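Take a look at the structure set out below.
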Amino acid sequence: MSELIGSIVILVGAFFLFSAGVGLLRMPDVFTRIQAGTKASTLGNILVLAGLGIYHPGWSLKLLIIAYFVLMTNPLSSHALSRAAHSIRTPMARTTVVDALRDENDASAAKGSS
Amino acid sequence: MLEMLILLVCGSILVSGVLAVMLNNLMAAMVSAGLASLFAAASYVLLAAPDVAMAEAAIGSGLATLIFLYAIRKTGGDVTDE
Amino acid sequence: MAEIILQIAVVLIFFSIVFGVVRLVVGRTTIDRVVAIDMLSVVTISLIALYAHISGRFVYIDVALVYGLLSFLAVLAIARYLEKGP
Amino acid sequence: MQQDHETTQRRLVGFPESLIVLWGFLFVVWLVINSSVEPPIVVIGALASLALAAIFVRRGDVWRLGLTPRKVFHFLAYTGVFFVELVKANIEMLRYVYAPRIDIRPGIVKVKMPLRSPIGRLALANSIALTPGSLVMNLQGDALFIHWLDVKTTDPDEATRMIIGPFEKHLGAVFG
(Lines give C-alpha, C1' and ligand atoms only; values in the text may rest on other atoms or scores of the structure.)
Protein backbone atom coordinates (compact mmCIF):
# COMPACT_ATOMS: atom_id res chain seq x y z
CA MET A 1 0.00 0.00 0.00
CA SER A 2 2.78 2.43 0.91
CA GLU A 3 4.42 1.66 -2.43
CA LEU A 4 1.31 2.82 -4.30
CA ILE A 5 0.98 6.04 -2.27
CA GLY A 6 4.66 6.85 -2.68
CA SER A 7 4.63 6.30 -6.41
CA ILE A 8 1.53 8.47 -6.85
CA VAL A 9 3.19 11.31 -4.88
CA ILE A 10 6.28 10.94 -7.08
CA LEU A 11 4.07 11.10 -10.19
CA VAL A 12 2.44 14.34 -9.03
CA GLY A 13 5.89 15.81 -8.37
CA ALA A 14 7.10 14.79 -11.82
CA PHE A 15 4.03 16.44 -13.32
CA PHE A 16 4.94 19.70 -11.58
CA LEU A 17 8.51 19.43 -12.91
CA PHE A 18 7.07 18.89 -16.40
CA SER A 19 4.88 21.97 -16.10
CA ALA A 20 7.95 23.95 -14.98
CA GLY A 21 9.54 23.02 -18.29
CA VAL A 22 6.40 23.99 -20.22
CA GLY A 23 6.24 27.31 -18.39
CA LEU A 24 9.89 27.99 -19.14
CA LEU A 25 9.12 27.46 -22.82
CA ARG A 26 5.82 29.33 -23.12
CA MET A 27 6.00 32.42 -20.93
CA PRO A 28 6.53 35.77 -22.70
CA ASP A 29 9.44 37.47 -20.90
CA VAL A 30 12.30 36.84 -18.46
CA PHE A 31 10.53 37.67 -15.20
CA THR A 32 7.51 35.45 -15.84
CA ARG A 33 9.87 32.65 -16.86
CA ILE A 34 11.73 33.01 -13.58
CA GLN A 35 8.46 32.78 -11.68
CA ALA A 36 7.18 29.71 -13.54
CA GLY A 37 10.50 27.88 -13.33
CA THR A 38 11.16 28.57 -9.66
CA LYS A 39 7.76 27.84 -8.14
CA ALA A 40 6.79 24.73 -10.03
CA SER A 41 10.24 23.14 -9.80
CA THR A 42 10.46 23.77 -6.04
CA LEU A 43 7.13 22.08 -5.29
CA GLY A 44 7.90 19.27 -7.74
CA ASN A 45 11.24 18.57 -6.10
CA ILE A 46 9.71 18.55 -2.61
CA LEU A 47 6.97 16.14 -3.72
CA VAL A 48 9.46 13.74 -5.36
CA LEU A 49 11.58 13.71 -2.19
CA ALA A 50 8.46 13.18 -0.05
CA GLY A 51 7.44 10.22 -2.19
CA LEU A 52 10.88 8.70 -1.77
CA GLY A 53 10.54 9.25 1.98
CA ILE A 54 7.28 7.28 1.96
CA TYR A 55 9.05 4.44 0.16
CA HIS A 56 12.08 4.31 2.45
CA PRO A 57 11.44 5.79 5.92
CA GLY A 58 15.11 5.21 6.82
CA TRP A 59 16.27 7.79 4.26
CA SER A 60 13.92 10.52 5.35
CA LEU A 61 16.36 12.62 7.44
CA LYS A 62 18.78 13.14 4.58
CA LEU A 63 15.92 13.77 2.15
CA LEU A 64 14.64 16.39 4.59
CA ILE A 65 18.03 18.14 4.52
CA ILE A 66 17.99 18.21 0.69
CA ALA A 67 14.44 19.61 0.68
CA TYR A 68 15.50 22.26 3.19
CA PHE A 69 18.46 23.32 1.04
CA VAL A 70 16.31 23.61 -2.07
CA LEU A 71 13.62 25.50 -0.20
CA MET A 72 16.19 28.01 1.10
CA THR A 73 18.35 28.49 -1.98
CA ASN A 74 15.86 28.49 -4.85
CA PRO A 75 14.02 31.73 -3.90
CA LEU A 76 17.39 33.39 -3.26
CA SER A 77 18.74 32.60 -6.70
CA SER A 78 15.48 33.64 -8.38
CA HIS A 79 15.57 36.93 -6.48
CA ALA A 80 19.19 37.64 -7.48
CA LEU A 81 18.47 36.75 -11.11
CA SER A 82 15.42 38.99 -11.36
CA ARG A 83 17.28 41.88 -9.76
CA ALA A 84 20.16 41.49 -12.21
CA ALA A 85 17.72 41.30 -15.12
CA HIS A 86 16.02 44.49 -14.02
CA SER A 87 19.26 46.37 -13.44
CA ILE A 88 20.61 45.63 -16.92
CA ARG A 89 17.25 46.75 -18.36
CA THR A 90 16.05 43.52 -19.92
CA PRO A 91 12.91 44.28 -21.94
CA MET A 92 9.65 43.30 -20.28
CA ALA A 93 6.56 41.87 -21.95
CA ARG A 94 4.32 44.12 -23.99
CA THR A 95 1.35 43.64 -21.67
CA THR A 96 3.19 45.03 -18.63
CA VAL A 97 0.99 47.49 -16.75
CA VAL A 98 3.16 49.22 -14.17
CA ASP A 99 6.85 49.38 -13.22
CA ALA A 100 7.18 51.08 -9.84
CA LEU A 101 10.87 50.26 -9.41
CA ARG A 102 11.93 52.07 -12.59
CA ASP A 103 9.76 55.06 -11.61
CA GLU A 104 11.42 55.15 -8.21
CA ASN A 105 14.93 54.93 -9.65
CA ASP A 106 14.20 57.67 -12.21
CA ALA A 107 12.78 59.92 -9.49
CA SER A 108 15.81 59.50 -7.23
CA ALA A 109 18.20 60.07 -10.16
CA ALA A 110 16.38 63.30 -11.10
CA LYS A 111 16.51 64.48 -7.49
CA GLY A 112 20.22 63.71 -7.26
CA SER A 113 21.13 65.56 -10.43
CA SER A 114 19.16 68.75 -9.77
CA MET B 1 14.33 2.93 -19.64
CA LEU B 2 17.91 3.33 -18.39
CA GLU B 3 19.29 3.37 -21.93
CA MET B 4 16.82 6.11 -22.83
CA LEU B 5 17.93 8.25 -19.87
CA ILE B 6 21.63 7.76 -20.67
CA LEU B 7 20.99 8.71 -24.30
CA LEU B 8 19.13 11.85 -23.25
CA VAL B 9 21.81 12.96 -20.81
CA CYS B 10 24.66 12.30 -23.27
CA GLY B 11 22.76 14.13 -26.02
CA SER B 12 22.35 17.10 -23.66
CA ILE B 13 26.12 17.08 -23.00
CA LEU B 14 26.66 17.21 -26.76
CA VAL B 15 24.18 20.06 -27.30
CA SER B 16 25.56 22.23 -24.50
CA GLY B 17 29.16 21.54 -25.50
CA VAL B 18 28.53 22.57 -29.11
CA LEU B 19 26.67 25.63 -27.85
CA ALA B 20 29.61 26.60 -25.62
CA VAL B 21 31.86 26.62 -28.68
CA MET B 22 29.46 28.37 -31.04
CA LEU B 23 28.18 31.24 -28.89
CA ASN B 24 29.69 34.71 -29.23
CA ASN B 25 28.69 35.99 -25.80
CA LEU B 26 31.30 34.96 -23.22
CA MET B 27 28.86 34.73 -20.30
CA ALA B 28 26.45 32.54 -22.25
CA ALA B 29 29.29 30.28 -23.35
CA MET B 30 30.42 29.93 -19.74
CA VAL B 31 26.89 29.02 -18.64
CA SER B 32 26.72 26.35 -21.35
CA ALA B 33 30.06 24.88 -20.26
CA GLY B 34 28.79 24.67 -16.69
CA LEU B 35 25.66 22.91 -17.93
CA ALA B 36 27.76 20.39 -19.86
CA SER B 37 29.64 19.53 -16.67
CA LEU B 38 26.34 19.28 -14.76
CA PHE B 39 25.00 16.71 -17.21
CA ALA B 40 28.33 14.88 -17.12
CA ALA B 41 27.91 14.45 -13.37
CA ALA B 42 24.36 13.12 -13.92
CA SER B 43 25.66 10.60 -16.48
CA TYR B 44 28.32 9.40 -14.01
CA VAL B 45 25.54 8.68 -11.50
CA LEU B 46 23.58 6.76 -14.14
CA LEU B 47 26.72 4.74 -14.95
CA ALA B 48 27.12 3.76 -11.25
CA ALA B 49 30.12 5.89 -10.23
CA PRO B 50 28.86 8.18 -7.44
CA ASP B 51 32.28 9.28 -6.15
CA VAL B 52 33.40 10.53 -9.55
CA ALA B 53 30.03 12.25 -9.90
CA MET B 54 30.50 14.05 -6.59
CA ALA B 55 33.94 15.33 -7.62
CA GLU B 56 32.62 16.40 -11.02
CA ALA B 57 29.70 18.27 -9.46
CA ALA B 58 31.97 20.05 -6.99
CA ILE B 59 34.74 21.00 -9.38
CA GLY B 60 33.12 21.30 -12.78
CA SER B 61 29.81 22.88 -11.94
CA GLY B 62 30.83 25.01 -8.98
CA LEU B 63 34.50 25.84 -8.93
CA ALA B 64 35.30 26.04 -12.65
CA THR B 65 32.42 28.46 -13.24
CA LEU B 66 33.71 30.75 -10.49
CA ILE B 67 37.26 30.66 -11.90
CA PHE B 68 35.99 31.45 -15.40
CA LEU B 69 34.00 34.33 -13.95
CA TYR B 70 37.10 35.67 -12.20
CA ALA B 71 39.11 35.43 -15.43
CA ILE B 72 36.45 37.27 -17.44
CA ARG B 73 36.33 40.00 -14.81
CA LYS B 74 40.14 40.32 -14.81
CA THR B 75 40.46 40.61 -18.59
CA GLY B 76 37.39 42.81 -18.84
CA GLY B 77 36.71 41.82 -22.41
CA ASP B 78 33.11 40.79 -22.91
CA VAL B 79 31.84 40.38 -26.46
CA THR B 80 28.09 40.74 -26.84
CA ASP B 81 26.15 39.25 -29.69
CA GLU B 82 23.49 40.94 -31.84
CA MET C 1 1.40 -1.08 -10.72
CA ALA C 2 3.92 1.04 -8.82
CA GLU C 3 6.60 0.24 -11.41
CA ILE C 4 4.44 1.55 -14.25
CA ILE C 5 3.69 4.77 -12.37
CA LEU C 6 7.40 5.29 -11.73
CA GLN C 7 8.15 4.81 -15.42
CA ILE C 8 5.55 7.46 -16.33
CA ALA C 9 7.22 9.82 -13.82
CA VAL C 10 10.65 9.23 -15.38
CA VAL C 11 9.22 9.99 -18.84
CA LEU C 12 7.74 13.27 -17.55
CA ILE C 13 11.11 14.29 -16.07
CA PHE C 14 12.71 13.34 -19.42
CA PHE C 15 10.49 15.81 -21.28
CA SER C 16 11.16 18.48 -18.67
CA ILE C 17 14.91 18.17 -19.36
CA VAL C 18 14.21 18.37 -23.10
CA PHE C 19 12.26 21.62 -22.65
CA GLY C 20 15.04 23.11 -20.52
CA VAL C 21 17.66 22.32 -23.17
CA VAL C 22 15.42 23.86 -25.85
CA ARG C 23 15.19 27.05 -23.80
CA LEU C 24 18.98 27.00 -23.43
CA VAL C 25 19.44 26.80 -27.20
CA VAL C 26 16.71 29.30 -28.15
CA GLY C 27 17.06 31.81 -25.29
CA ARG C 28 17.57 35.36 -26.48
CA THR C 29 19.41 36.86 -23.51
CA THR C 30 21.97 35.48 -21.07
CA ILE C 31 19.48 35.68 -18.20
CA ASP C 32 17.21 33.25 -20.06
CA ARG C 33 20.02 30.72 -20.23
CA VAL C 34 20.85 31.15 -16.54
CA VAL C 35 17.18 30.57 -15.64
CA ALA C 36 17.29 27.40 -17.72
CA ILE C 37 20.40 26.16 -15.85
CA ASP C 38 18.74 26.95 -12.51
CA MET C 39 15.63 24.94 -13.39
CA LEU C 40 17.69 22.09 -14.87
CA SER C 41 19.79 21.72 -11.73
CA VAL C 42 16.67 21.28 -9.58
CA VAL C 43 15.26 18.77 -12.08
CA THR C 44 18.55 16.88 -12.05
CA ILE C 45 18.52 16.69 -8.24
CA SER C 46 15.09 15.05 -8.45
CA LEU C 47 16.28 12.70 -11.18
CA ILE C 48 19.32 11.55 -9.17
CA ALA C 49 17.21 11.00 -6.04
CA LEU C 50 14.69 8.99 -8.08
CA TYR C 51 17.48 6.93 -9.62
CA ALA C 52 18.81 6.20 -6.13
CA HIS C 53 15.44 4.58 -5.43
CA ILE C 54 15.28 2.70 -8.74
CA SER C 55 18.74 1.19 -8.32
CA GLY C 56 18.27 0.80 -4.56
CA ARG C 57 21.59 2.35 -3.47
CA PHE C 58 21.63 4.92 -0.70
CA VAL C 59 25.00 6.41 -1.71
CA TYR C 60 23.56 8.33 -4.66
CA ILE C 61 21.63 10.63 -2.34
CA ASP C 62 24.97 12.22 -1.35
CA VAL C 63 25.52 13.31 -4.95
CA ALA C 64 22.14 15.07 -4.93
CA LEU C 65 23.14 16.82 -1.70
CA VAL C 66 26.45 18.12 -3.10
CA TYR C 67 24.65 19.19 -6.25
CA GLY C 68 22.01 21.19 -4.44
CA LEU C 69 24.66 23.15 -2.58
CA LEU C 70 27.01 23.96 -5.44
CA SER C 71 24.76 24.77 -8.40
CA PHE C 72 23.23 27.54 -6.30
CA LEU C 73 26.65 29.14 -5.78
CA ALA C 74 27.38 29.33 -9.51
CA VAL C 75 23.98 30.89 -10.30
CA LEU C 76 24.38 33.46 -7.53
CA ALA C 77 27.87 34.44 -8.69
CA ILE C 78 26.71 34.89 -12.29
CA ALA C 79 23.79 37.06 -11.14
CA ARG C 80 26.04 39.28 -9.03
CA TYR C 81 28.47 39.65 -11.92
CA LEU C 82 25.73 40.62 -14.39
CA GLU C 83 24.32 43.15 -11.96
CA LYS C 84 27.62 44.92 -11.27
CA GLY C 85 28.59 45.01 -14.93
CA PRO C 86 31.94 43.98 -16.43
CA MET D 1 39.31 53.99 22.73
CA GLN D 2 36.21 54.40 24.86
CA GLN D 3 33.97 54.10 21.83
CA ASP D 4 35.74 50.99 20.65
CA HIS D 5 35.18 49.36 24.02
CA GLU D 6 31.47 50.18 23.85
CA THR D 7 30.99 48.64 20.43
CA THR D 8 32.67 45.43 21.60
CA GLN D 9 30.35 45.37 24.59
CA ARG D 10 27.25 45.79 22.46
CA ARG D 11 28.35 43.14 20.02
CA LEU D 12 28.82 40.58 22.77
CA VAL D 13 25.36 41.03 24.34
CA GLY D 14 23.52 37.75 23.92
CA PHE D 15 26.68 36.04 22.80
CA PRO D 16 26.23 32.64 24.56
CA GLU D 17 22.61 32.18 23.53
CA SER D 18 23.11 32.82 19.83
CA LEU D 19 26.29 30.73 19.94
CA ILE D 20 24.33 27.78 21.35
CA VAL D 21 21.54 28.18 18.77
CA LEU D 22 23.93 28.23 15.82
CA TRP D 23 26.12 25.47 17.27
CA GLY D 24 23.15 23.14 17.76
CA PHE D 25 21.87 23.82 14.24
CA LEU D 26 25.23 23.12 12.56
CA PHE D 27 25.83 20.04 14.71
CA VAL D 28 22.45 18.51 13.80
CA VAL D 29 23.13 19.11 10.10
CA TRP D 30 26.55 17.43 10.45
CA LEU D 31 25.09 14.39 12.21
CA VAL D 32 22.35 13.94 9.61
CA ILE D 33 24.77 14.22 6.70
CA ASN D 34 27.17 11.68 8.22
CA SER D 35 24.29 9.46 9.47
CA SER D 36 26.40 7.69 12.10
CA VAL D 37 27.07 8.21 15.82
CA GLU D 38 30.57 6.78 16.19
CA PRO D 39 32.71 8.69 18.73
CA PRO D 40 35.37 10.19 16.37
CA ILE D 41 32.75 11.59 14.00
CA VAL D 42 30.75 13.12 16.85
CA VAL D 43 33.84 14.71 18.44
CA ILE D 44 35.13 16.15 15.15
CA GLY D 45 31.67 17.47 14.30
CA ALA D 46 31.28 19.14 17.69
CA LEU D 47 34.67 20.87 17.42
CA ALA D 48 34.22 22.01 13.81
CA SER D 49 30.69 23.33 14.33
CA LEU D 50 31.78 25.13 17.51
CA ALA D 51 34.59 26.84 15.61
CA LEU D 52 32.27 27.85 12.74
CA ALA D 53 29.62 29.13 15.15
CA ALA D 54 32.18 31.16 17.12
CA ILE D 55 33.42 32.75 13.89
CA PHE D 56 30.02 33.65 12.47
CA VAL D 57 28.28 34.75 15.67
CA ARG D 58 30.67 37.68 16.07
CA ARG D 59 29.21 39.38 13.00
CA GLY D 60 26.16 41.16 14.35
CA ASP D 61 23.26 39.78 16.35
CA VAL D 62 21.46 37.99 13.53
CA TRP D 63 21.13 34.73 15.40
CA ARG D 64 19.68 36.12 18.62
CA LEU D 65 16.21 34.65 18.52
CA GLY D 66 15.11 34.43 22.15
CA LEU D 67 13.23 31.16 21.99
CA THR D 68 9.95 30.91 23.92
CA PRO D 69 7.08 28.40 23.57
CA ARG D 70 4.84 31.07 22.03
CA LYS D 71 7.38 31.72 19.28
CA VAL D 72 7.68 28.00 18.57
CA PHE D 73 3.89 27.71 18.26
CA HIS D 74 3.71 30.67 15.88
CA PHE D 75 6.56 29.23 13.82
CA LEU D 76 4.68 25.93 13.41
CA ALA D 77 1.52 27.81 12.40
CA TYR D 78 3.59 29.80 9.89
CA THR D 79 4.93 26.57 8.39
CA GLY D 80 1.39 25.28 7.86
CA VAL D 81 0.24 28.54 6.26
CA PHE D 82 3.34 28.53 4.07
CA PHE D 83 2.73 25.07 2.63
CA VAL D 84 -0.94 25.83 1.92
CA GLU D 85 0.09 29.00 0.08
CA LEU D 86 2.77 27.06 -1.85
CA VAL D 87 0.24 24.53 -3.16
CA LYS D 88 -2.21 27.33 -4.03
CA ALA D 89 0.54 29.18 -5.90
CA ASN D 90 1.38 26.14 -7.96
CA ILE D 91 -2.23 25.42 -8.90
CA GLU D 92 -2.58 29.02 -10.04
CA MET D 93 0.67 28.67 -12.00
CA LEU D 94 -0.69 25.55 -13.72
CA ARG D 95 -3.76 27.54 -14.76
CA TYR D 96 -1.58 30.21 -16.36
CA VAL D 97 0.81 27.76 -18.01
CA TYR D 98 -1.74 25.43 -19.61
CA ALA D 99 -4.16 28.14 -20.78
CA PRO D 100 -4.48 28.03 -24.57
CA ARG D 101 -3.55 31.70 -24.80
CA ILE D 102 -1.48 33.23 -22.01
CA ASP D 103 -3.48 36.22 -20.82
CA ILE D 104 -1.57 37.94 -18.00
CA ARG D 105 -0.82 41.53 -17.07
CA PRO D 106 2.51 41.52 -15.19
CA GLY D 107 3.91 44.52 -13.40
CA ILE D 108 6.11 45.70 -10.55
CA VAL D 109 4.34 47.13 -7.49
CA LYS D 110 5.62 48.68 -4.28
CA VAL D 111 4.58 47.40 -0.85
CA LYS D 112 5.60 48.23 2.72
CA MET D 113 7.89 45.97 4.79
CA PRO D 114 6.50 45.48 8.31
CA LEU D 115 9.44 43.59 9.88
CA ARG D 116 12.66 44.92 11.41
CA SER D 117 15.06 42.06 12.13
CA PRO D 118 17.28 40.79 9.27
CA ILE D 119 16.37 37.12 9.58
CA GLY D 120 12.67 37.98 9.66
CA ARG D 121 13.09 39.98 6.47
CA LEU D 122 14.87 37.02 4.86
CA ALA D 123 12.05 34.66 5.84
CA LEU D 124 9.37 37.04 4.55
CA ALA D 125 11.16 37.59 1.23
CA ASN D 126 11.62 33.85 0.72
CA SER D 127 7.97 33.19 1.47
CA ILE D 128 6.83 35.91 -0.92
CA ALA D 129 8.95 34.39 -3.68
CA LEU D 130 7.05 31.11 -3.34
CA THR D 131 3.46 32.39 -3.02
CA PRO D 132 0.92 33.07 -5.77
CA GLY D 133 2.41 35.01 -8.65
CA SER D 134 4.80 37.28 -6.76
CA LEU D 135 8.57 37.68 -6.65
CA VAL D 136 10.66 40.06 -4.56
CA MET D 137 12.92 42.21 -6.72
CA ASN D 138 14.47 44.87 -4.53
CA LEU D 139 14.44 46.27 -1.02
CA GLN D 140 15.06 49.98 -0.49
CA GLY D 141 14.64 51.16 3.08
CA ASP D 142 11.16 50.03 4.11
CA ALA D 143 9.80 49.53 0.60
CA LEU D 144 9.68 46.16 -1.11
CA PHE D 145 9.37 46.03 -4.90
CA ILE D 146 7.47 42.97 -6.05
CA HIS D 147 6.99 41.59 -9.54
CA TRP D 148 3.35 40.51 -9.68
CA LEU D 149 2.18 38.13 -12.37
CA ASP D 150 -1.37 39.48 -12.55
CA VAL D 151 -1.64 43.02 -11.23
CA LYS D 152 -4.97 43.63 -9.51
CA THR D 153 -4.22 46.96 -7.84
CA THR D 154 -1.43 49.54 -7.85
CA ASP D 155 -2.21 51.17 -4.51
CA PRO D 156 0.61 50.35 -2.00
CA ASP D 157 -1.66 49.72 1.02
CA GLU D 158 -4.06 47.47 -0.88
CA ALA D 159 -1.16 45.54 -2.42
CA THR D 160 0.44 45.12 1.01
CA ARG D 161 -2.76 43.65 2.38
CA MET D 162 -3.19 41.29 -0.56
CA ILE D 163 0.39 39.96 -0.80
CA ILE D 164 1.83 39.72 2.70
CA GLY D 165 -1.46 39.47 4.61
CA PRO D 166 -1.30 35.71 5.33
CA PHE D 167 2.23 35.74 6.78
CA GLU D 168 2.40 39.02 8.62
CA LYS D 169 0.78 37.91 11.88
CA HIS D 170 2.86 34.78 12.53
CA LEU D 171 6.18 36.17 11.32
CA GLY D 172 5.65 39.34 13.34
CA ALA D 173 5.09 37.21 16.44
CA VAL D 174 8.20 35.11 15.82
CA PHE D 175 10.80 37.60 14.63
CA GLY D 176 9.42 40.99 15.61
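Every chain is named by a letter (A, B, C and D) in the order it is written, and numbering of its residues begins at 1.
Here is the rule we use: contacts are C-beta pairs under 8 Å (C-beta built on N, C-alpha and C of every residue); 3 or more make two chains touch, one makes a residue touch a chain.
What you are looking at is a predicted structure, and each value in this text was computed from that prediction instead of being measured.
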Middle chain, criterion being Cα centroid separation: A
Distance from chain D to chain C - Cα centre to Cα centre, in angstrom: 24
Centre-of-Cα separation between chain B and chain A, whole angstrom: 21
Chain A and chain C, separation of their C-alpha mean positions in angstrom: 12
Where chain C touches two or more other chains, by residue: 10, 17-18, 34, 36, 65, 82
Chain A, residues touching no fewer than two other chains: 22, 34, 38, 42, 62, 65, 76, 78, 83
Multi-partner residues of chain D (at least 2 other chains): 33
Listing of all chain pairs that touch each other, if any do: A-C, A-D, B-C
For the chain D and chain A complex, residues of the former touching the latter: 29, 32-33, 35, 86-87, 89-90, 93-94, 96-98, 102, 104-110, 125-126, 129-130, 133, 135-138, 140, 143, 145, 147, 149, 151, 154
Chain A - residues contacting chain C, complex: 3-4, 6-8, 10-11, 13-15, 17-18, 20-22, 24-25, 30, 33-34, 37-38, 41-42, 44-45, 48-49, 52, 55-56, 59, 62-63, 65-66, 69-70, 73-74, 76-78, 80-81, 83-85, 87-88, 90
Residues of chain C defined as touching chain B within the complex: 7, 10, 14, 17-18, 21, 24-25, 30, 33-34, 36-37, 40-41, 44, 47-48, 51, 55, 57, 59-60, 62-63, 66-67, 70-71, 73-74, 77-78, 81-82, 86
Residues of chain C defined as touching chain A within the complex: 1-2, 5-6, 8-10, 12-13, 15-20, 22-23, 29, 31-32, 34-36, 38-39, 42-43, 45-46, 49-50, 52-53, 58, 61, 64-65, 68-69, 72, 75-76, 79-80, 82-83, 85
Touch list for chain A against partner chain D, complex: 16, 19, 22-23, 26-29, 31-32, 34-36, 38-40, 42-43, 61-62, 64-65, 71-72, 75-76, 78-79, 82-83, 86, 92-93, 95-102, 104
